[in-house]
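Both complexes shown next keep chain A, but they swap its partner, so chain B is in the first and chain C is in the second.
Take a look at the complex of A and B:
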């Protein structure tokens, strides 16, 4: 009823709207002030990417220092493709992201289907009770837990490996295994949480279809392949496209929590690289280069997110906005 | 639950039942043997030949079953019909015999025998029996539960066992000294206090800012709604990065203060969208009735909207509590000299990065129990979240899940 009425009503003029809702603009004030200060002003700092590194100590204020620095055009960006450290960080970012997508993307779907089909309450409830916990822990805690588990001298994993006759491996500080540690700890932390989307998608499916398939004599396997999976395919596709959009973020918080100089070669990603440029002790902060690398990262990420969103809107009528 | 319809089985059906049970057994035994060979490769050397022969025999049984069945099927329905439903099995049938032979000639090919998994859809597909599926799923679920729980057990065990011994899941020679040191460590307690302060202030501020800003955005007739929306959305996907933020904090004089960890987190666009979605789901009639009675926008918000939105506010508050409690980035960027302002994660990170050998004037208790103290810190940092978790578990299963999907 309401819907029909509002269809007929002509949209009131801008002035009338302002009169009616104008005072609600007050509600925006704190949010807008915060966004301008902590998001839009730093965006203006991006001009540093096109300048020489500002000399902040020698000038009267930071803004003056940034403005005084000489323009050098795209020199900083050229470094991204010539500096071996940055190239290696870029490669690591992509490799770690790809590994996470390939290995970790399908598992929550399988888990959600299994949870949904599981009969009996005890196992199901206790699995659901424990699997969300890691998502609420800090990456520092998670990395502490994994360092304990994987420790070379006393870790339980190395104890087990020794028991089965393998050699002990320094997992967290070895270039061969560090990416594996990242993937496994990301799995531990996020798998449970990521099933939520799929579980709710399956719950929203029409139970009648599955019942009909059962009556037609479809086996469990056939029900899953031919009814459940096609039903949640749009959700899977949208999640996948979004996940691809986030490929430039290889899990910055996680890598930074586990980072040590030993694994620079395999674990240094763009995020940790920009961090070290400005915060590494005993070095003059490289604000300009750090901004340039960060800008490159977020522009590529933005393009991926936007195009992913565009594709998913076109194909599945669903997107981020 | 499905009702069991009991009809006497015909001879044909009984034979089929037996065949598919044998097949399932073959498949599972092969996979189990392969797994044992993979995991236990040093102790099974003497059994390797026996294992290989058993795997080959079982494989031959499976192939012997498959070939006549496919021929029969092809004769009745046509081969393309078979291929349509059983692509994986056909692939298995081509590849597996070759690999079986090759793995005897060239041991390097042995890993490829895992391709027997291609047979799985066929074997399980023919099994109409729920029970098998349930058993497999439940075993997997129990394993998963163990995977999620064992790290915590290990952490507790290491934290309260006497140092210098190998500890797995259960504590050995319980010794509380390290834990006691952690609980009474004034510096750690101060970081705990910092964390509580910044979590409380941050969460309250964030809930206020977000619930205010989301309200006008949820009004369909709000002027300039689209513009404001775009203004906020840009921030969600694009930012200036780390270096400008550090310079900004420096200019604002927030460097080395606890406010640098609190204020930037107040405005979260994602939470604002969740809140906006919730406001939009409230029935508009309530508000219209109040408007007709002459209530102002402010009055409506205070007296009608706020009381109704308690569940969503609780959800967002929980997100923020977790976010503030766990974040360690801001303290890493904005606090450089004043280590007494560190929140818990940074305190632990700092502690883990020190090696005990490098300290000269150290408390001998701490030196001896270094590892125990570290694990006790980790445990203590988890406790507040664990206290909240049971209350939130309900939200996770209910409203929050759908909110997360909508974005």
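Take a look at the complex of A and C:
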């Protein structure tokens, strides 16, 4: 059927939009200024990845120090990727991130649906509040809580295990259990907060659709599968793409707060590797090497975001772009 | 109307943001407009001579009298620090208007920012390693000319100490802060009452209590026997000995295996501790203690530490720094007792262990003694000649003999007293209110005087005095220093040492404090070699071969 003229939506030209709403574009300015100053201008520092370690301390300015350093092409990358430690750190980063995505990504969606289905308003609100409070604690505090609870000698978990006849387990200092501790503590700290996003998405769903499903005789389960989940799919897709983009960040501050030589094999990630490059690789911080690692992280992150977006568009017809 | 307000707010936010991100407007810079920045210009911007053909003094230089000084963190706010009586006294006596900024406790990189961003500081206190890096990067102003022109500063320290502050061009780049005496910082704290119980129960196998007679030492086998006995004395969940989560090296025990310092001269070559002959035996000894539950190691910083375990009876021995003794002993003080005058006789200290063949031989005791120079006051290179002259003059004035005494330990009869030629603090609130942070205000010391004054600071509490004079008993005949503390900046050392040291520590922790592993010296050496340890050793020995003071530096020889 031919579309009626009145149905056709004509997108106004940029000039027309400016004329009509031009003053509203001013609201963009703080955001643009912030992004330019804190995200785009610092990108110029990427050149350090292709230069000798700059003399930032003794030059007339830090920028001059960077400009004066000699170009060395890809030598920093060669140096990094011939270090067996970075291969191990890369592997650990990907494993820990994947574990967090596979285990932790679906849980907030399920929890949001459960919370949405709860009847008591007070209980519902209290539960949400209790769940997202851990998000505001620093990783030093959270790791302190978990290390105390899981302590081999005095932790309540090991005391209970011993009481029930099991052997004590060095949860935080064993390569067998460390990644599990990371996932569980991340769940405790972040699940509540992540759940809020999905609760908001569910709240914004058209209630008429759910009412219609009810009238058509849909059970609770069918309402969830056929109405709620498809309704929040765009939100899930966006969150998933963003999460995939952050795959190279396996939780640097979380790992650092619990780090010890005992778990280097399973817990040394790119973030802690870079930290050591800056802090311990020499008495002089290795800015060039750590920039190279950072650039590598960012490139991989960008590729993953683009891939995630592509897959999302193909599978769910939804994406960031 | 709403649109207009919104536009106004948005514009205001943007302007504020831009202003906030803008550079320094220069209003905080004390130097007047147009003055050439950079101390390299100092010779040009100051009078070439005094006009009389004689030696110049600091009085001949034009000086900036408003100074900003960056000091190490004291655990109080900057406002409190600046309001200390000592700060006011310094301002009054030197005539300088000084504002102090403390390094953020959790951000050691803050010092780098000062140099990177050319922040307005005239004196920055840095560690020895930081000093060398900054000097090699050309970030420091040369101050030789001003030191030569000083009244008190130049003669306050020995040439050996000044040499440690010189670059390869012969210029002085920092004001050294010396450890005033040859001292050892830590020893082993142990439960004397439990050891006495052992001796009472075992009249035929006595363990001599550490005392003057045996140089406050114990032999290795007695120490192990003592730990085994303590196993039955510690509270539930305890261990005979506890070690904190920092390092795998326990100096008073290392000394029993002939490892006396991190770098020791063996057959004319400086050898790092892991390559010293006795280190493997040390590793096996500690590994055995851990595997047999005689030793507890706090595997993470959040695990219970050794001092807490000593306090609550869950440990019978721990490594203790002399400033920690009060914490250990005060727990048993009755309510209302003067903590600083209190000691608990149940706790004792020993300086070091000795091999079994030297049991009871006080002359065989050897201890690690601390670095000679551990801090420098430096002047960033971007300061003007007037600021550099002002900063050095400020330090010079602080080293006036009378003022230095007052800055170090206060006023006689008020905060200290002299008994038999020794300086003692007058303990109490008065002393602590005035003198707690005194050493944080010092740059440079009058070495000869400070070695006496400093002891008063070690007597701040009777518990500290007790441990300090125990572990430092006969130190002039037992303490061995590391020559590397006197080594000038060295490229190879700077590049690799920190990394190799950190990796070695991790390897040692895994080897010593894990029941699933047996101590493996070859793994330790492999780490040393993998992370350029031999390169470091080579660089250190290249310098050592040419060091003229090597024969005089350590008067105490290995056992």
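In the analysis below, the second predicted complex is superposed on the first by the 218 of 321 C-alpha atoms of A that agree within 3 Å, B and C clash if a C-alpha of one lies under 4 Å from a C-alpha of the other, contacts with A are read in each partner's own complex, and residues count from 1 in each chain.
Keep in mind that, in the parts below, a contact is a pair of C-beta atoms (placed from the backbone, for glycine too) under 8 Å apart; a residue touches a chain by one contact, two chains touch by 3 or more.
Quick caveat, the model's predicted, so the values are computed rather than measured.
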item: Touched partner set for A:148, first chain B, second chain C, both or neither; value: both
item: Which of chain B and chain C A:127 touches, first, second, both or neither; value: first
item: First, second, both or neither for A:246, with chain B first and chain C second; value: neither
item: Chain B versus chain C as contact partner of A:180, first or second or both or neither; value: neither
item: First, second, both or neither for A:61, with chain B first and chain C second; value: both
item: Touched partner set for A:196, first chain B, second chain C, both or neither; value: first
item: Which of chain B and chain C A:234 touches, first, second, both or neither; value: neither
item: First, second, both or neither for A:285, with chain B first and chain C second; value: both
item: Of chain C and chain B, partner touching more chain A residues; value: B
item: Common interface positions of chain A, toward chain B and toward chain C; value: 23, 27, 30, 34, 37, 56, 61-62, 144, 147-148, 154, 285
item: Residue ranges of chain B touching chain A (in the complex, touch as defined); value: 1-2, 39-43, 121, 124-128, 130, 133-134, 137-138, 140-142, 144-145, 147-152, 154-155, 158, 166-169, 208-210, 212-213, 215-216, 219, 221-223, 228, 231-233, 235, 237-248, 250-252, 263-264, 266-267, 272, 284-285, 296-298, 301, 322, 325-329, 332-333, 344-346, 348-349, 352, 371, 374-375, 378, 381-382, 385-386, 389, 393, 396-397, 401-402, 404-405, 407
item: In the complex, chain C residues that touch chain A; value: 3, 6-7, 10-11, 13-14, 17-18, 21, 109, 112, 115-118, 129-130, 132-134, 137-139, 237, 245, 296, 299-300, 302-304, 381-382, 494-499, 502, 505-507, 509-510, 514
item: Contacting residues of chain A [partner chain C, same complex]; value: 23, 26-27, 29-30, 33-34, 37, 55-58, 60-62, 65, 143-144, 147-148, 151-154, 170, 172-173, 258, 260-262, 264, 276, 280-285
item: Residues of chain A defined as touching chain B within the complex; value: 2, 11-12, 14, 17-18, 20-25, 27-28, 30-32, 34-35, 37-46, 48, 56, 61-63, 66, 111, 114-115, 117-120, 123-124, 126-134, 136-141, 144-149, 154, 156, 159, 164-166, 188, 192, 196-197, 199-201, 214, 217, 219-222, 225, 235, 253, 256-257, 274-275, 277-279, 285, 287-288, 290-291, 294-295, 298, 302, 305-306, 320-321
